[in-house]
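Quick one: the structure is below, questions incoming.
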Amino acid sequence: MPTKTALKPEAAAELVTEGAKIMIGGFMGVGAPHRMIDALVERAPGRLTVIANDSGMPGQGIGKLVSAGLVERMIVSHIGLNPETQAKMNAGEIEIELVPQGTLIERIRAGGVGLGGVLTPTGIGTLVAKDKRVIDVDGKEFLLETPLKADVALIAARRADYVGNIEYTLTAQNFNPVMALAAATVIAEPDAIVPVGVIPPDAVRTPGVLIDHILERRR
Amino acid sequence: MDAKERIARRVAQEIHPGTLVNLGIGLPSLVANFIPAEAGVFFQAENGVIGMGARPPEGMEDRDLTDAGGGFVTAVPGAASMDSAMSFGLIRGGHIDLTVLGGLQVDARGRLANWMVPGALVPGMGGAMDLVTGAGRVIVAMQHTARGTAKIVPECTLPLTSTRRVDLIVTELAVLAPTDQGLELRECMPGVTVDQVIEATAADLILTVQD
Amino acid sequence: MPTKTALKPEAAAELVTEGAKIMIGGFMGVGAPHRMIDALVERAPGRLTVIANDSGMPGQGIGKLVSAGLVERMIVSHIGLNPETQAKMNAGEIEIELVPQGTLIERIRAGGVGLGGVLTPTGIGTLVAKDKRVIDVDGKEFLLETPLKADVALIAARRADYVGNIEYTLTAQNFNPVMALAAATVIAEPDAIVPVGVIPPDAVRTPGVLIDHILERRR
Amino acid sequence: MDAKERIARRVAQEIHPGTLVNLGIGLPSLVANFIPAEAGVFFQAENGVIGMGARPPEGMEDRDLTDAGGGFVTAVPGAASMDSAMSFGLIRGGHIDLTVLGGLQVDARGRLANWMVPGALVPGMGGAMDLVTGAGRVIVAMQHTARGTAKIVPECTLPLTSTRRVDLIVTELAVLAPTDQGLELRECMPGVTVDQVIEATAADLILTVQD
């Protein structure tokens, strides 16, 4: 398996083009690719669709992309901690698709593992069911939820090795391992980059085959 | 004791030793303060940890270990971390014994609304819809009224979190249980009368307690 | 979280009753709960439905249950290495449902994580599609595959701690972590049992909440 | 060189450096012997490992590390292990660049049958249906005929593994590629004539090579 390229944040940001659909790991900024987000704000590609757990907070995490006016659409489970997202939504500047968190991660997983969708009981009989197919299995109703994929996924990790094997830690895992499955280009932002063999096979949570680029070490 | 602490203490009595519990952010998170360590209760946070412990000592916080509200936490011996797919797999799959969630409204059929006030506040549902759908038992912990307006209503006017009937509602005034027959008033909090509860509740109540 | 009970194999086998539906981890015997299987052969509850990757080999792994005549029905992806299973199938003694391996693991996962099913492209246009619903998503056809659950899951592991946190290794993982989600009673057969804290949170692949019993250490 | 080695060597030429490859059990597994280590090819086994290496030294076998055929293997530096859900997630999700599988029949439309002979042999599909559905490229490596009977046929009479058109068929006689127009004869193996291939093939061939 070939060694990955270590990219500078500005070079990595070049891979996110105007109008791109991007996934960003993290849960309220925990386990989020903060250097990549800063580089994106700098490069400022507009009209982005962002798929993420939440929209961060003002001046923090994905909130920075919102503040910079780069986001046209978001598919998220929660925007409660970012009043700016709420304001932009009310002003019609950002389109928000709210998805239950467990459904969101399953939709991303479905996109990543080649499923055409999943049937979930979550959201039956609520606003979430609007315009969705309801499928009966053994007398119980489920919503048909369809896959999500992205052009680029930006994921944060504890460690990566040269071939891109990834290790996460504690609650910084969250959406990252699943998003690494679901995008055409996957860029990992690890805290540390270690030689091949340092991360043993059983500790690898995202195999290197899923990673396209690794952000260079912090200078 | 303020209203929130009263609610949290009462909810704590519902939590059995050795179970796995998910506490929502805000008021429900206070419940952990009233569970003795020797009860062997494990707390799950949907952002990916089972065995969440109290806030760490000052200066020892790990930015990669927080609760679902983003606050620093610790991990107790026997803790396990996981990604969101596993975390919600456990939630939706019925592997969490109990969840305690806040509420904007609960109706006579025991249906919870807690994620959106159309035209005013749209925080989003986060993990609440999955938790209500999948947890073994659902307790709503909330103040009985909001600025004088009843939150326990005949039928939710706010968008539902789930059509599932919750198992118990605990407020600073009372403990109520939705049943097939309707909303039962199971307990009045100390010093609260049945009439006070009826007064503060917009839904009809089945009285199983008396003053 | 309470400490689990360490069961003797014969006590664990008591939990599998006549006619039970059981899941058994392992891939051609690798990562299979061999002591549990031996105890089951000894106890001999009949008319079992076995959900597993394969039917083992004669005299090895699940093959022992087949030889002992305890299996009425199997849901498996492969029986090629066990001519006895083939013979019993042809003689009408065992009913075999063959499921593509990737579909099998997703069906077990669906059962374990509360999904009503998944849509897979695998099997479209083949015998596997027989009697199944075909669902169109964005112009592409998928099979609706429904969840599998079991009364008891027997899983093998490298290590367990006292509260049931589980660590697997290498290709002995296979079906075990997913089966641990999908049964009413889960019995783990670890190579070693270690004190709480020895398996760090990031190394746990199956949290203890999923485990009901642990097989006592090998004597 | 026997037929199997000839096939394996030819398939090996189709494998690009730095790719992730799944080799079926039996004949396809021989292909690994002809890929130089410096090509940086990683082998995946669907039972849960990426970076599978050759058989370990005698006495050093680990019963918990085998290939999909149950044979002892090693793990190369950079290997990763995973459960079956992740393994087949990678397979069905299009993350495996190439799979090489054996075949019972391939038809003029490039459809493979390799898991069942009704009434005679029912090994089951194992991972083959997912592999053919999801791998980036599918190569069938098989002997051209079975006991004198053509295996490359106008239409499969055996149950299909998938309706997907495979990308290449490599036998000891020829290399064939299913296309929109039909089955192209791309190469004859050294010493084999076009007429010999036509003779051994039941399906019509489009000739893109000449003797």
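Here the chain labels run A, B, C and D in written order, and each chain numbers its own residues starting at 1.
What we mean here is this: a residue touches a chain if its C-beta (ideal position, glycine included) is under 8 Å from a C-beta of that chain, and two chains touch if they have at least 3 such contacts.
Composition by chain, UniProt nomenclature: A, C = Acetate CoA-transferase subunit alpha; B, D = Butyrate--acetoacetate CoA-transferase subunit B.
Note that this is a predicted model, so its numbers are computed, not measured.
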TODO: Please state, in steps, how far chain C lies from chain B along the shortest route of touching chains.
DONE: 1
TODO: Measure off the straight-line distance from the CA centroid of chain A to the CA centroid of chain B, and report it in whole Å.
DONE: 28
TODO: Let me have the rounded angstrom distance from the C-alpha centre of chain A over to the C-alpha centre of chain D, please.
DONE: 35
Open item on the list: How many angstrom lie between the centres of chain B and chain D, each centre taken as the mean Cα position?
Closed with: 54
Open item on the list: Two or more other chains touching the same residue: where does that happen in chain B?
Closed with: 49, 75, 81-82, 88-89, 91-92, 133-134
TODO: Could you list which residues of chain A touch at least two other chains?
DONE: 106, 109, 114-115, 120-121, 168-170, 201-202
Open item on the list: Quick check of your reading of the touch definition: is the inter-chain graph here a line, ring, star, complete or other?
Closed with: other
Task: Chain-chain contacts as defined at top - done: A-B, A-C, A-D, B-C, C-D
Task: Residue ranges of chain D in contact with chain A within the complex - done: 17-18, 20, 40-42, 49-51, 75, 77-82, 88-95, 133-134
Open item on the list: Help me check something: in the complex, which residues belonging to chain A touch chain B?
Closed with: 27-31, 53-54, 76-81, 86, 89, 96, 98, 100-103, 105-106, 109, 120-128, 158, 168-178, 205
Task: Partner chain D, residues of chain A touching it in the complex - done: 1-2, 109, 112-115, 161-163, 165, 181, 196-197, 201-202, 204, 207-210
Task: Residue ranges of chain D touching chain C (in the complex, touch as defined) - done: 45-49, 62-66, 68-70, 75, 81-85, 88, 91-92, 116, 121-130, 133-134, 159-163
Task: Complex contacts: residues of chain A adjacent to chain C - done: 106, 110, 114-121, 135, 137-138, 140, 142, 144, 146-147, 167-170, 201-203
